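Supplied in structure tokens, the structure appears directly below.
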Amino acid sequence: MKFAVVVFPGSNCDADCFHVIKNVLKQPVEYVWHQESDISHFDCVILPGGFSYGDYLRTGAIARFSPVMNSVQPFAKKGGLVLGICNGFQILLEAGLLPGAMMRNSSLKFVCKYVYLRPENVKTRFTEQYQKTEVLKIPVAHGEGNYFVEPDVLKKMNAQGQIVFRYCDEQGEVTRDSNPNGSLENIAGIINEEGNVLGMMPHPERASEQILGSEDGRKIFESIIKAIMK
Amino acid sequence: MSSLMMMTEDIITQHGLTLEEYDRIKVFLGREPNFLELGLFSVMWSEHCGYKNSKLELKKLPTTGSGILIKAGEENAGAIDIGDDWCIVFKMESHNHPSAIEPFQGAATGVGGIIRDIFTMGARPIALMDSLRFGRLDEAKTRSLMTGVVSGIAHYGNCIGIPTVGGEVYFEESYSTNPLVNVFCLGIARKKDLVKGKAVGMGNPVFYVGSSTGRDGIHGATFASDELTEKSHEDRPSVQTADPFMEKLLVEACLELFKKPGCVVGVQDMGAAGLTCSTCETASRGNSGIEIDVELVPRRETGMNPYEIMLSESQERMLVIAQKGKEDEVLKTFEKWGLHAALVGHVTDTGRMVVKEKGKVVADVPSKALTDEAPLYKRPAKRPAYLDEVNRLPDLSPEKSNYTNELLQLLSEPNIASKQWVYEQYDHMVMDNTVVLPGSDAAVLRLKEAGKYLAMSSDCNGRYCYLDAYQGTLMAVAECARNVVISGGRPVGLTDCLNFGNPLKPESFWMLQKAIEAIRDACLKFEIPVTGGNVSLYNESPQGAIFPTPTMGVVGLIQKESDITTLSFKEEGDLIFLTGGFGKGLGGSEYLWRVLDIQKGPLPAFDLDEEWKLQKFILKAIQKGWLQSAHDTSEGGLAVALAECAMQGKKGALCELKTSGLRG
Amino acid sequence: MIKAKIEVTLKKGVSDPQGLTVQNALKTLQYAGVQDVRIGKYVEIALDARDEKEASEKVKSICEKLLVNPIIEQYRFELERV
Amino acid sequence: MIKAKIEVTLKKGVSDPQGLTVQNALKTLQYAGVQDVRIGKYVEIALDARDEKEASEKVKSICEKLLVNPIIEQYRFELERV
């Protein structure tokens, strides 16, 4: 059982993910520099948050061409688990591993605060530990989390349970006010059809220890560990 | 601009130098300086780098203390021992004038500059705070200025991945055309990993790393010493653009390189006065000399002459002095991070700074003359006449007021209302260390590896200092230290940013002098050493000087996790105690100004000893586990303080005041 | 040397909050008759190419590979001999 | 109706970190011959105006008042009758 945390030039949350997996969940984990290409010996690859290449041009637009991304595609094809958080999610979109695109927050401002999420699909290998009715308190921190996808693809994603998290209010209601960035249908996290590549804008690694204000994000990592141990 | 150009009085004064200063330069050189050499002296002897009008006063500050590892002035920033071979490095800097001209880039480059001061010491930057002051919020110009400054700070801090965990925002008429942007940065290091900014070791190679050099910001350093007159809009192109991505690469590459034994001998960031400052300061600290050839300096524009290259203030650049023989190791590390390191010269033992162009000497100056011989002036000080008039409080006839409406009005005043609109644009959680988020009295961070907790705050009430520079500054230091104490921390160090008017005006200089004396007295009383800081003078505009604003930054060490205290009321039935007694007057208060439209003193009586006893008592009470929460009364006084505790805790409060009030 | 002037704009149907904000700002600044505002990226690339044909192919490939996200963006470009 | 196509670019001499990063990316993607990349804003405004002259004045004023930061940016625009 081994996690990989990929480091792109400009990644910022790599150390946070590394800390949670190594010190909080006590699991083996290694940094993988973006120019490395052999990731076959890992069970789960995490693309962390940050500003890869300064988010210049478009968030994730340049990082997707890093050598390591050429290996992530076949790694995912062979069933390896891939978790893209914030900038990592944007890189997965740019690389075509997940459908849709991220645009600027409708407020045109960066937003860093706690939000509430509803786990829409608790049968994935990333969300098995959650109950359908739970409301998760997990922080966001981004300037471009306004998710868009063509209507026909959205219909298919809804039908196949690919929408994994939606922004909601404290009671679990999906409302306009609880949407921090204008994202389509309050989408906060999605998964590919094969169910092994998850992208989410909120930061679970910032909500895995009570001292920081919430532990609700921990079950994502715990679900991954359980799924791999099976 | 060849060296043959006739040196005229005009050129000298244009460089911000007096004729007497020019004569001293001739003594140091033993001849007339050429144009480039004059440029070197003009930036190094400017107010911004030479502190020529404030150094004599700054010497009064207490910079020693048990925890001090590196004293203020010795290096880029002071360092304090926090035990178990860990230390913290922190400092505050101002970027007022560039932010007035181009808010976004001015504020962003201010953040970039203070971060470089920290990691150039070998410390990992882990926290930022920003202390901002603008004009009135109902003016469109203020709103656009504030939007630019806040988004500039957000752009830099968020992209480089350092959390902005605290700070303050004030709105006063006096800052309308001269905003204050003071930025604080703190880093952490193991004591053995600290790196000195020294050029030592004959023949050691000198590398230039980071962005290539352009013509931006030339005279940036001296620019900060001119008043903001109408003319200042012409010298606009002197503002630089920020590249936080490049600096993120520099932080990671440098910290990785510093851990490789025997590779790096000294390092210095290129701040104001760019290449000039970094070369002569490292040579001066190393008691050595340095020789560089501008031809080897990577540049962004064509046809740049030595004068432009040496004075350019392009951002995100570092000077790294490596150990001879380790050049490949240095180049390899920088290349890994996509950075180009150019060999631009080497260390000598002549004690001189020599600049060449294609091998030909174009400047040859004793480095200590540039760094240690800036003329220091004892300016005349005179108590401003306005003080008598503004410290005479009209009688406040005790007519019936609607206290509820007045409290609601105060809570909605920009100086008091929540600053969520600001700090939610900053990533204040990255690095997983932020235990107490913005909005409390002090930010609290955990240091995962060191197993320790830090509290930090930045404070100043400019109006108090306008009404009484000495007592106002005492209260600024007290409030900043108090914010750390009521969060459970014992203050271990203070940095400051002294934003004052034109020192050549005796009234402004008097206020600077009084403020520095007050910092000395308060720091001695609270046993807090000053670890360094920044002076920003000439903060004036056509309307006159700004409020004298000595911004404080205090960092405290929290003994154990259970000592961490926040201001929100916790449980129903908890008892509320008011310690330190009721306020002693309404002078200078937000209430007087916002509700009764009176901006007058005298300031309420303030006793340093009482404050010191109060702080010691509160810290002990916290450490003994007696307190559920703690909050200090500042703007808006007791009523606002109670309201804030209740609102943040989503609770109420029932209080009975057995006093006749302050108006009688 | 050839200079490519590339305009990258959001596709129709994709919301453009930035354009909307500017449009509202223009209204408050009393500019009458402003019907629509769209904001995109303008990219200038100076590149060596034997002729316009080769330059055009290179620019087209650069746009489709890197500069443009086809899900939400479209592009146009002109070439100028410099 | 007239469509104004406005290009807002950084002034010469102002460093363009974004352009530089894209230029380096193109190098790693094996695009030879790319000498320089500059990235700016492209703004399209559809507005009512009696004639090109009035439209031109209006667009000039909009640029100078709102769209362009004169300290570090410059602009050009073309008009198209729609």
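Should a chain be cited, it is by its letter among A, B, C and D, assigned in written order, with residues numbered from 1 in that chain.
Keep this in mind: contacts are C-beta pairs under 8 Å (C-beta built on N, C-alpha and C of every residue); 3 or more make two chains touch, one makes a residue touch a chain.
Treat the numbers as computed from the prediction; the structure is a model and nothing was measured.
J.: Sort out for me whether A-B or A-D is joined by the greater number of C-beta contact pairs.
T.: Contact tally favours A-B.
J.: Measure off the straight-line distance from the CA centroid of chain B to the CA centroid of chain D, and report it in whole Å.
T.: Spacing between the chain centres: roughly 36 Å.
J.: Report the inter-centroid distance (CA atoms only) between chain A and chain C in whole Å.
T.: Distance between chain centres: 30 Å.
J.: Can you pull out the residues of chain A that are in contact with at least two other chains?
T.: 53-54, 56-57, 62, 65
J.: Residues of chain D that contact two or more other chains, please.
T.: 17, 21-22, 25, 29, 39
J.: Quick check on chain B: which residues sit in contact with 2+ other chains?
T.: Only 243, 245-246, 338 qualify.
J.: By the document's touch rule, what are all the touching chain pairs in this structure?
T.: Chain-chain contacts present: A-B, A-C, A-D, B-D, C-D.
J.: Under the definition above, what is the set of chain A residues touching chain B in their complex?
T.: 9-13, 15-16, 19-20, 23, 49-51, 53-56, 109-113, 139, 141, 143, 203, 205-206, 209, 211-213
J.: Touching chain C in the complex: which residues of chain A?
T.: Touch residues, chain A against chain C: 57-58, 61-62, 65, 94, 100-101, 103-108, 146, 148-150, 182.
J.: Which chain D residues qualify as touching chain B in the complex?
T.: My answer: residues 10-11, 13-17, 21, 24, 69-72.
J.: Name, in rising order, each residue of chain D that touches chain A in their complex.
T.: 17-18, 21-22, 25, 28-29, 39
J.: Taking the complex as given, what residues does chain B use to touch chain D?
T.: 101-102, 105, 211, 214-216, 236-237, 239-241, 243, 245-246, 300-301, 314-315, 338
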